[in-house]
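Letters A, B, C and D mark the chains in the order given here, with residues in each chain numbered from 1 onward.
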Amino acid sequence: MEQYLGIPDEDFIRSKVPMTKQEIRILTLVKAQIPVDGVVWDIGAGTGSLSIEAARLCPKGKVWAVERSEQAVALLRVNIANLAAPNVGIVEKEAPDGLDILPDPDRVLIGGSGGHIEDILDAVSRRLKPGGRILINSVTVQTVYRAVEWLRAHEKEFRYEGIQAQISRLSQVRGYDMLRAENPVSILMAIRNP
Amino acid sequence: MEQYLGIPDEDFIRSKVPMTKQEIRILTLVKAQIPVDGVVWDIGAGTGSLSIEAARLCPKGKVWAVERSEQAVALLRVNIANLAAPNVGIVEKEAPDGLDILPDPDRVLIGGSGGHIEDILDAVSRRLKPGGRILINSVTVQTVYRAVEWLRAHEKEFRYEGIQAQISRLSQVRGYDMLRAENPVSILMAIRNP
Amino acid sequence: MEQYLGIPDEDFIRSKVPMTKQEIRILTLVKAQIPVDGVVWDIGAGTGSLSIEAARLCPKGKVWAVERSEQAVALLRVNIANLAAPNVGIVEKEAPDGLDILPDPDRVLIGGSGGHIEDILDAVSRRLKPGGRILINSVTVQTVYRAVEWLRAHEKEFRYEGIQAQISRLSQVRGYDMLRAENPVSILMAIRNP
Amino acid sequence: MEQYLGIPDEDFIRSKVPMTKQEIRILTLVKAQIPVDGVVWDIGAGTGSLSIEAARLCPKGKVWAVERSEQAVALLRVNIANLAAPNVGIVEKEAPDGLDILPDPDRVLIGGSGGHIEDILDAVSRRLKPGGRILINSVTVQTVYRAVEWLRAHEKEFRYEGIQAQISRLSQVRGYDMLRAENPVSILMAIRNP
């Protein structure tokens, strides 16, 4: 078994599109517990760093990267090619649009919601398989609140937990190791009842 | 492929022995990139949370948990039994004592150094295989500095990087989700030249 | 000029009532820019650490500590006596109840809102003087969101800024200095238009 | 009494010289407890944000800004003029050079040590008045360690405490409030025995 997680950030082409950093990808994908033959939706896929790393965890499954931005989709295609991720499919739509045509998911990753987080969660909850998981990454006060409130309103179907992760990197500058902060990210993980 | 990482903290018996938290285990073990047939030394293994989770990543390999405290070793045995980790061996010694008899490692995890970090790194560097990795977790000003200085003094053999990770957990208290902080942990990752 | 800020945490009696920590008090009170003769409301005053420290900044003014819990009010009285803060008055009510009888404030500190943050902000905004400031401390996803949304809905009257502060303390344990985390706190500061 | 602390970051001209951020200045200066007629040395003064804010706390005293970089000193002069801080004097030297000619300090702020932290602390300890305080800000693994070790080696003369502060700012981006991290800063505070 080779290891599937831990692609370095610099292996992704990102231009100026924001990208989920390595440590956040790792924590998100381990908490997702992706099945080897799983169907994964990655909503707001951006440059695809999460999609591509997820795809390595389900070599017998498929990851659907849903992304509205043409610019991001172009980078996504390049990254899929560079990192040889044949089991990533692209849906160039703004979720929840575009989800109808996809197979029911085992796991849903939500990295960007374009202000539609409740609509996306409604659409996802109609399709997510029993025991399935939703992972929501957020860097804003609003999205984490709205996701939490949606989960609380659906507590009969879902249980959830969450963290805020703040990572600083040691940057070697001459004789010193300086701490450089990455922005804090909230990671919510919801499990649908079996 | 089932997933190997992500054991919940509550699955480990810990009594009052400090334990590496789930998120730190995940980040440490992904950055370690443990080979499936690898030999891993876990120095300052404590209750064994890192050893046991590492052992799942090298089912054809072996993890050697080195721990000086009798109390911790007792818990380690219970956790190995509870979580069915047959490929974890215990060395009840204070490292660098006890390392001589072990096979050369592919990966070394250092979670506790008992004030001997340089001696441990010296001993490890005599035995670590080319391309091997050392992961050092630290919660003190002293250990992270001393480890960094050792690595800087051995820059011809090793390159390193590091992060400080500060995780807060959402705690659901009635209608609220409150952020509860875990202590910041430094994670250093050193790679021996191939 | 003696210095007015920076009372050590251990100077307050707190029993098991949660207390705003020194660093958060300092940041909150400096951002509040309390006038020497100002009227300050401290809503959800708890053990009074913020009220008492605020009172030192307005020796010619008055701080009104509004607190619903009998247990907290008892501690508040002890702390006021111990730390000689004659210009702190106590209102044993659950805000917004109890605010009617108070003089119009120059500054309002909100440390606890008991789920009534919008009601409190509505009541405060009817009374706060032009150019006045509101400081809101929060440790939950919900309160920071609800306060921010209220402020956004009143953007013609108020501008705001905010931080999240995460403090870790160096704890000297034998030969080591270990980082011990305090919970992250959000500090919102809103200024009413002059 | 007007309030002396809390100058906004944007009031300082900084070009590309690194500057201590507002929250760190506030915490540092409150912990320093600067006497109104105190003599303050600010070593590694950079653009002078700490010197100028300290100067407001000692209107009957004097702040000596020690800075080796010509570029920083130029900015320092502009900031002193812009913010009307007549009681800041400039020493264009690399500390510990230049300290000999200064009056004995009540407080010493060390924001930059250029790799000479022990030499600076040795020089400072020969001159600091009884009961005086040293505040050391650091963003590197090395400086915080070396300062802590020096303080531990001088524990008969000094007691110390420390924090690491990590501040994130809410950035209002359209309908969202996003957390943007500032780098973590260690703040050590040492008090000389009376």
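Heads up, the rule we're going with is that a residue touches a chain if its C-beta (ideal position, glycine included) is under 8 Å from a C-beta of that chain, and two chains touch if they have at least 3 such contacts.
Owing to the predicted nature of the structure, the values given are computational and were not obtained by experimental measurement.
Asker: Which of the two pairs, B-D or A-B, is linked by more C-beta contacts?
Answerer: A-B
Asker: Just grab the chain with the largest centre-to-centre distance to chain D, centres being mean Cα coordinates.
Answerer: It is A.
Asker: For chain A and chain B, what's the span in angstrom between their mean Cα positions?
Answerer: Whole-Å distance between the two chain centres: 27.
Asker: Using mean CA coordinates as chain centres, what's the gap between chain A and chain D in Å?
Answerer: 42
Asker: Per the centroid of Cα atoms for each chain, what is the distance between chain B and chain D, given in Å?
Answerer: Computed from C-alpha means, the inter-chain centre distance equals 38 Å.
Asker: Quick check: what residues of chain D touch more than one other chain, meaning two or more?
Answerer: Those would be 141-142, 148, 164, 166, 168, 170, 175, 177, 179, 184.
Asker: Which chain C residues qualify as touching chain D in the complex?
Answerer: 1-3, 5-6, 23, 26-27, 30-31, 33-36, 57, 59, 148, 152, 161-170, 175, 177, 179, 186, 188
Asker: Which stretch or stretches of chain C touch chain B in the complex?
Answerer: These residues of chain C touch chain B: 115, 139-143, 166, 168, 170, 175-184.
Asker: Name, in rising order, each residue of chain B that touches chain D in their complex.
Answerer: Spelled out, the residues of chain B in touch with chain D are 141-142, 144-145, 148-149, 164, 166, 184.
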